[in-house]
Structures are given as structure tokens and as C-alpha cells.
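Shared chain: chain A. Partners: chain B in the first complex, chain C in the second.
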Partner chain A sequence: MFRQFADNPLMLLRWLLLIAMGLIFTLANSYFLAPGNLYSLGESFSLLGLVALGLALTMLVGEFDLSGGAMVAVSGLIMLKLGESNAFVGLAAALAFGAGVGALNGLLTLRLQVSSLVTTLGVMILLSGFAVWLEGGQGVSFSNYDLTDAFNASWLSVLSPRSVITIALFAAVGVALAITRLGRDIIAAGSHRKAATMSGANVASAVLSAFIASGLFAALAGALLAITLGRASSTFGANLLLQAASAAILGGIALSGGVGRPFGVAIGVLVLCVLNNGLGLIGASSPVVMLLNGAVLLVAVLVDGAPGQWLRRSRAAH
Partner chain B sequence: MSTQSRSAPLPGPLSGLFAPARVQATVIQIATVAMFLLACLTVDNYATASNIASILYAASTVGIAAVGLASVTISGNLFALSLGSTAAFASIIYIQLSGLGVIGALLGSLALGVVFGLIQGIVVGLLRCNAIITTIAASSLIAGLATAFSGGRTVLATGGPSWLGNGAILPGIPWQAVIFLVVVVVAELLLQRSRTGWELRLRGTNPAAAELAGLRTRRVVVLSYVLAGAGAAMAGALIAAQSGTGNMRVGADLDFSAIAAMLVGGVAISGGRGRIIDVAAGTLFLAVLTNILLVNNFAYEVQLMIKGLAVLVAVTAGALLSRKKR
Partner chain C sequence: MKQTLRTALGTLLTGSLLALAGAASAEGAQEGKKVIFLGADDICEYCAVYNGQIRKLAAAAGIDLEVVTNKFDAAQQATQIDQAIAKKPDAILLWTIDGTALFPSMRKVKRAGIPLLLTDVQPDQKMDDLWVQYSGGNYEEQGAKAAQLMVKAFDDKGMEKKGGVILITGIIGQAQTISMTKGFTETLAKLAPDLTILGSQPGNWDTGTSTQAAAGLFTKYGDQIKGVYAAEDIMMQGVLIAAERAGMDPTKMAMIGGGCEPVGIQNIKSGKQYGTVLQSPVDEATYAVQSLTDYFNGKEMAKSHYVPHPMVTAANVDQVCKPWPKD
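And then the complex of A and B:
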């Protein structure tokens, strides 16, 4: 365990940050550990976590999906527009749309052999326009109050349906990456694309699956958010992409691909959620929130970069 | 023309225009001119001074930010996401310093951009930290500082608009477009004709080889972020000069607009390929396209969707055309 920390200081940093913030916020405001606050922490974990998990999969396979944030807005609007009479139709349509756009991202990237940063940027702009068009100038609200109430239920007074679904998905993706052929292909394709192809990994299906999962998870995040809030707007999901990227990298996912696991991403997401939740509780002003978010990322990036490596090397020399 | 170039190489200087690495840039340049001429012929009152000026105002701010950004991309560090918040802070500084006159306020905003760019350049280039995450962190820090500095409020300029805000050198050619032109020419010469520019492009083509060959790779990476910071700050100052206000909403979508303009123009996101004139062409292409949609009363969301499609089509065409030639 301790050797693992020494090899991977970013992992140590994540845990230190999480524990330190937990202690500070508990001391500053005893409501921090109250069931009601843990419940809302779970809600924000669900939204950011699903987008970050999908993005992390594309990063793992050596690509990058910029369209996740815009997908959250579009899928929420599809969910409520088509799910007014039958919620299943809306959910199915939103998820199918998410998977379809993910497949489009994957196929464009594979066929054109250009960086996915480029293809998904185009899709992102397209989706944000589509979201404004769907919204039609005003927010969309949901009249299926029973479903909204059902999704605002609490289990064991801290778990929401959304947070349970998210935790289950994190676990499922973690297991799938570890034991399935597809999971190993994803990691292999991200580690060294050419070597993976030569050793018989199905790189195309790995890349395609990662993008489909990313679209699907972002669409799920948007649909669940819309059901829980009972409304949807084209502004949902703004900033979500950058936060998800931060969470993934804080969680140990490397931009170069192949490195990092869903469990780390979950901790990265939790660090950002705890930070913002705690700062909200103690009534920090918005500049302070922005500065601390930036500072946490900067520390993570420094620990991951050369300064962290020098520390490790100097310790190894002893 | 493209069929001709595929069947037989064009003679003389034209052959280079349709080389695999240049074909997307060439197509976009031709398309921009064709689109503009077509609009002049088909849309009433299109080629008026005021409409051309409005295209150039939109193109100048995004374009200057995109030129700075392109130096980061061409040097092999993908892109920066701190341009929007840098522009916002610069717009606030520009208004706060407007008592010093246009040049003083502009220099003050530029200094801010240079300092922020330098810090990011040091973190990425010398401390070898992840380029994308460094700029996301910087974006958050800069936005926090700017909000603290301005108290989250919009700052308003005193006195009337300046020559930089709405002055024109000729009818239809605002001063801001002249500044854009100067920035493009200077940056194009820096990147294509100087030793530093040559090192910057080679760093993007192959970072490991550039380092082994003894090129000053760290210096050029730091320089690229300084240019990106300066470009973003200049864009923010120009927006502030136009509107007479500075706030956090300035440059809200500058990051992705600049990336889109650069990619459409034919700069490769993976580094090493693309020129500053391509960035200018991509910016003008998107500005003319948006303007045509605007004068035809298309809604904002349709403009966004067509812009997204334009990015996809340009990139697809570029990828397919350059592959056919291989």
C-alpha cells in the first residue's frame, strides 16, 4: 500500500486532499457530515461522475471526447420533450441519441484518422446549437411529478437513485476493464496503438466502444439530471467538460492514454465535489471558489509533472 | 481545380498549394473568397462598408486570439483553455487604465497577458507539466483573480469611444482590422522566417527529435504561451474598446471559437503543421459564414449548428483530400 503511494504521488495527494478537506469542512460546519449534505454530495457526484467516467474511457483509449458537456444539455431536453407521456420513451430516446452521437464521434475519428479533439469539437458546437434549438427560447419543464419524486427519494438517508446508479456504473466499468477482452483492448489501444494492433487487439472496436460509452454516460447524466430537477435547459452542462477533464486527470488518467482506472477517477470526482460542496457550506465567495479549484488542479499538475518526479528521484537516491 | 491537381501535378508555385499538407488550407482560402463574392452578388447591400466592418470586427478579436493560440498548437501542446479568462481580465484592466490613453491601456492589458502566459509557459515548458490541465487550472485562477479584482461587477469606461473602439482607417476597414493584419504578418514572419519559428515548428513535428537535435525547445514552448497570453489579452482589450465595458463575460466562448478558427484554417492539432495565414483564413471563413447567416436572419442556434458542421466538413475534407494524394 505505502509503496504504491511512493510510486504514485498523485494517488497520495488525492487521498490527502480528500481527508484534509473532510476534516476542515467538518470542523468549519458540522452540517458537512449530516445526511442531507452527504445526499447532495452524492447528487453532484452523479452528474460530474458520469461525464468524467465516459471522458476517462476515451482518454484511456488514447482519444478525447469534448462533446460530453453539450450532450448533458441535449439529452436532458430530449428526455423531457419526448418523455412527457411515457418516461421510458424519453429515456430510451436520450440514451439512443447519446450512443448514436458517441458512435459518430468514434467513426469520424477512426475513418478520418484525425485527432478526436478535432472531430468532437465540431460535434460539441453542433450539439450546443441543437440544444438551444430544442429548448426553443424557454426552459423545458416536466409534469411527471411522480417520477421526479421517485428520483428524489433517499435510501439509508444518504443515497439517491442517481448516486446508486453512478456508483454501480463505476464498479461495472472498473470490473469490465479488468476482466473482459474489450477492457484489455481499450487499455492496450491507449498504451500503444501500433503494438496493440500488431498483437491482435481489436483497436477499432475498442475506440468505438469508448466513444459510445462516453456518449451514453453523458446522455444518462443529462437525462437523470432533468428527471431529478423536473426541468431542462440548454445551459446545463456548461463548464462540466472542463471539470470532468480535471477530475479524470486528478484521478490519475493520463492524456497520453492507457494509464488510470475508474476507481481513481471516482476519487478525483469526489475531491472536486467535496471542495465545491464544502466551500458552498462555509459561504466562500465565488472568487475564492475559483481560486481554490485552480489551486487544487495546479498542485495536481505539479505533483504529476517534473517537480513530483524530482522529489521521487531524490528520495530514490537516498 | 482539385481534380486537375490529383491527376497531374500543377506546374510551378501552384503545386505546393495542393500538396497533402497544404490542401485543406488552400481549399478554405478559396472557399472564403468564393463565399464572400457569392454573398456580395446575391445578398442586397452586402458589400457595404458597415457590413464589411462588422465582419472584420468579429474576425479581428477571435483572429488575434487564434494566432496566439496557434503558436501553442504548432509547437505541439494541443491547445490552451485559458484564453477566455485572460481576455476577460484584460478587458477589465483595459477599462481601468483607460485614463492613460488607448496605447497605455493596451500596453497594460498586454503586460497582463504576457505575465499569465509566461507563468503557464514556465509550468508547461520548464516544469514539464500537463499542458491542457495547466491551462484549465490557469483559467480558474485567472477568473478568480479577475472576479476578486473587479468585485464581480462590470466596469464602464468614462468618456466617449476611442479610435481603437470604433475608428476606421478607411470606410469599412476598422483600426482593429489593421491591428489584426499587423499581428498576422508579424507572427507569420516569426514562425516561417526566423530561427525561433523554425525551432517552434520542429518542436511540434517531433518533440523528442527536436530536443535530441539540440534545439531550444523549452524556450520556444515558453514563448508560445507568452504569445497565446498576449493574443488573448489583446482580443479582450479590443472587445473592451468596442463596447466600453469590461467584465467576466468578455471572451466567454473565445477558447472554442479560436480553436475552431485555427482548425478550420488547416492547422493540425497534433502540431508541426499549419501557418499563421491559415489561421487568418480560417477566422475569416467562419466570420464571413456567420455574417451571411446573420444578414439572412438565421437564428443563433442555426448559426451554431452550421459552425459545428463547418468545422466537421473542413476537417473531413482536409483529411480525405490529403489522403487521396498520398
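And then the complex of A and C:
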């Protein structure tokens, strides 16, 4: 971790921002560090984290997946529609659907040679319509409250099954990017696609894998949300995409591709979750919450801009 | 005559309620109690009035009320409930964003031993062991009264009760949307079996969305449409815009809204909207604080405590619908 800070001083700044916010909210409200509140923070981290992690992978490979939010709604509906009698069937179907739609996004982007913003926009609209159709005007509920309670259980007072799954996935993706051929191809394809192709990287496989992972993670987020709420609706996940993009950018993922790592995305997600959790705890009004979310993102982008370039240049000079 | 009687009853009921609030306040057990209210965001005008009123009324009753709002996001509200449990308040007052999605969170509140009171949205009553009392609108009754008003509009305008009507609903899947639609369709089928519901589109409690939704239905069904039920007056405003754009005269149609909101009052007075069904944020906030004071004073409480929903037309709009407070 320390080497990562030395290599990337901006990551240290993000950590400092996170710690500063934690300190401010602890001083402002004694409940901030209460186990119940940390559990609640973990739940927020889980939902946003999974969508942000998938989106970040597509950004790393130089693309962008707009369909994540809509996938959360559809996969939740599939989970509950097919999982009432057997939750594993519902979960498997939701994940298979997520991976399938991710593959479709990847194939459309590769075959049509158009921006993924266009292809995933079309898929996002399709998914939104599919969600309304699946819902059938009534929403879908889940009566298996034993399973819901099991997924809402608290481990060591602060963790939940959802937050543990999310943390494990962040770690797994971080390791995979660092040590596997596919991981290196994803970064190479995002950094300079032509050069990556010429140097033998399997760019098509990298792009396809990133989209499959994005669909899969969003589907997992939707299925887990549906289980924990005992309910799925076409409106779920509507606000997630923008937050996920903010978290990824805050975490150091460049829109141009090739830059950033899952560890940074986790920090970006935590910054947003701590900010919203802390502001909620002190009773800040929604306009204040929205203004501060926007301000934090802008500050991060500005720091990544001119000062960031200066830091990167001086590091390169040494 | 019936209308006047209902208005008088409504006024009497509200008056007695305020008197009761005063009495409960005098009992004083609620004073200094910490209550967390998890509600909807101020970006909705109805919600903003409700939030302003509940702050005032709770302060007057001596309740230490913390207001936490969210942008109609069930997942966010579930997290807010976890946070509220961590603070161990004396009670939680919940305006549930989704009638069903918060059941697991309500179970957590129950397990934590914190009394839960509900306002504005009534979830499935099969689960009512999770809360002490629901106070607020009776949405099925609202829908039923809208259907009665629709039939009355046909009669008053001398229209034969034959042909089609359309519905502009709230957000699909929400408990209120389902109940209002049920109340309206069932009552209309009983009162005017020859009136057919041609189509229904969600207006999502929003004027712009309702304009587009109604425009589509006007294009599809044209002159077959004799009446429109929009579940909220701000959605009826969108319907009226769409009707005028489509070259239809809303004064010659049976236009029924809901809420008796400022824009609804204006449209009823201008004759573009025939009527509405009252649901006042002031009443709802008053009932919610009444619920809290009753609970802290150990009173016996029914599971449901509904605000009055009188039917409103141009004849009684000034008596029944009061302007919303500005702060």
C-alpha cells in the first residue's frame, strides 16, 4: 500500500480526504463510529461498490457502460421472480442474464465499431423497458424473510454478507488486474489500443471481459439488493449510474482509459458513502448533500488536473 | 347538501383533531422524546409542506424531531433506517418510500425494540404487527371518491355515461398507485358500467411526465376519451396541457384530479378541471404528530388513522381547500 502511495501521491490525497471526513463526522456526531452506523456504511458501500467496480473496468479498457443502473433493476426482478421457491435459481438466472447482457454490450461495441456510449445507451433503454414489463405494474415482492434476514445479518457488528462479498470482489479484481494476462491486456487496451494490439495483447478479449464483468457485478448488486429489501422494482438503481461514475472518477479512473485500479475505486466509493452517511447523520438537507457531492467530485477532478499532471511529470523526471 | 355535510364534518374533524393535539400536548409525556422522522425530500412540493408542518407541530408538542429525507430511493431509505436504529431514538416515524421494500428494515426496527409509526404510505396491512399505527391517506378511498366525482361530472355536464376514460397514475408498483387505481376502477365499474377504461399511463407524480403520457393517449384514442382521472392535481395540470395541445376542450370533459393542490384549485376555478379529492399535507402532518403524542401518552391506538378525503368541486373548493402554508 505504501509503495502505491509513493507511486501515486494523488492516492494519498484521496486517503487523507477520507480520513479527514471520518474525523469531521466523528466530531460532529458521536454515532458516526457506532457499530450500527458502520454496518449501514458497509451496506451503502456494497451496492454502489459493485456497480462502480464494473463500470471502472469498462472505463479502464477505454469504454463506458451506461447500462449498470438499469441492470440493477432487471436483475433484482429476475432474482425475485425466479427465486421465490429456490433463491439459488433466481440468483443464477440474474447473474447469467447480467453476464449475457455484458457480453452483448461488448460484442456490439467491438463488431459495430461504435462508441460504447451509444451501444450501452441503447441497451440501457431496452433494459429499462424490460424492467417495467417484468414488474407488470405491481412490483415484485419476496416472502422468504428468513433469507432476507440472513442477508441482513451483522457479522462482527459492522459487516454484512453483502459488504463481505463486495470487499472480496474488489480484492479479487485488484489481484487479477495485477497478475493475470487478461488484467494486463485490459490496462494495455485502455492505455493505447493500437499499441496494445501491435504488442500482442488480446484487445477483443479484454473489452469483452470488462463488459461481462460490468454486467455481472451490476446484476449481483441488483440481486443482493432485492434479497435484502425483499422487493424489486423497475425504479431501483435509477440513481446509481451517476454515483458509480463519480466514485470511479474520484477513485482515480481516467475517462480516457488505462489509468486507475480497483483499490482507488474502493476509496472513491468510500469517500461518497462516508460523505452521504455523515451528512445524513448530522441531518443535512438534500440540497446540501447534492451540493457537497458535486463539490467533492469537482475538487477531485481539479486536483487530478493541473496539480496531478505536475506530480506525474515530476515523478517521471525522477 | 351531502357535499356541504361532508365539508362540515371534515372541518369538525380537523378542529377536534387540533383540540386533541392540544390536549395531548398538555399531558406532556411526549415532551423531550427523541423521534427520527424518515421522510421524502423537499423537492416534492407536497413533501416540503408536510416536512415544514411536522417540524412546527412536533416542536409545539415538545418532541425532539430529527428529519431525515431522501430522494424516493428505497435502498437509500433502508440505509437511513439502519442509521436511525444506531441512534436508538424513542420512536421512528417512517414515510416509507416503497410500501413493501422496507419490510426487512421494519423487522430490524422491531428487533431493536424501537416503536415504529408510519405516515403517508400504508404498506400491506398483513404486516401491521411491525408498526404501532399508520396515519395518513386512505388511497383506495381516494380512488373510489374520484370515480364518484367522475360520474357526477358526467351527470353535471349532461354527458351520457358511455364511452372511454383514461388514467394517469403515480409511479407503477407504489402502494398508493395500486390502491388508488383499484379504488377508482372498481367503483367506476359499479357506478357506470358502460364507461370503459381505455388506457392507463404512469405520470410519476410529475407534470412533465404526465403531459407526455396523456399526449400519447389523446393521440391514440382521440374523441373516444370523455374523461380523465389523474391521481394528483399536478399530474392533471399535465393532462390539461396535453388536451389543449391536442385541440380538445377540457371544460367539456370529466377531468378529475387528486389532492386539492394549489394548481388544482386554480384549474377547478377556471372550469378546466371538474373536481378533486382532498389530501392535505397539513392534515397528514397533524395526524402523524397526534400518533406520536398518543403513543408516548400510552393511549389506545387503532392500526390505521385516516385523514379526511372530502370530494371537491367548484361549489365547495373555497371552503374545503386551504392554501398550503409557505413555511
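Assume the second predicted complex is superposed on the first by the 294 of 318 C-alpha atoms of A that agree within 3 Å, B and C clash if a C-alpha of one lies under 4 Å from a C-alpha of the other, contacts with A are read in each partner's own complex, and residues count from 1 in each chain.
The rule we apply is simple: contacts are C-beta pairs under 8 Å (C-beta built on N, C-alpha and C of every residue); 3 or more make two chains touch, one makes a residue touch a chain.
Here the structure is a predicted model, which means the values were calculated and not measured.
Applying the stated contact rule after C-alpha superposition, one finds that A:Ser214 touches neither chain B nor chain C. Of the two partner chains placed by superposition, only chain C is touched by A:Thr228; chain B is not. After overlaying the two complexes on the shared chain, residue contacts for A:Ser286 are found with chain B and with chain C alike. Of the two partner chains, neither chain B nor chain C is touched by A:Ser191. Shared-chain residue A:Leu108: touches chain B; no touch with chain C. Applying the stated contact rule after C-alpha superposition, one finds that A:Val132 touches each of chain B and chain C.
By the touch criterion stated above, A:Phe236 is placed in contact with chain C alone, chain B being left untouched. Of the two partner chains, chain C is the only one that A:Ser40 touches; chain B does not reach it. Of the two partner chains placed around the shared chain by superposition, neither chain B nor chain C is touched by A:Thr58. Overlap of the chain B and chain C contact sets on chain A: residues 132, 286-287. For chain C in complex with chain A, the touching residues are 41-43, 66-76, 78-80, 82-83, 85-87, 98, 100-105, 107-108, 171-174, 178. Every residue of chain A that touches chain C in the complex is listed here, in rising order: 31, 34-37, 39-40, 43-44, 47, 132, 135, 137-139, 141, 145, 148-149, 152, 225, 228-231, 233-236, 238-239, 277, 280-281, 283, 285-287. Chain A contributes residues 108, 112-115, 117-119, 121-133, 242, 245-246, 249, 255, 286-291, 293-295, 297-298, 300-302, 304-307 to its touches with chain B in the complex.
Contact residues of chain B toward chain A in the complex are 78-79, 81, 123, 126-130, 132-134, 136-145, 147-148, 152, 256, 259-260, 263, 268-270, 299-309, 311-312, 315-316, 318-320, 323.
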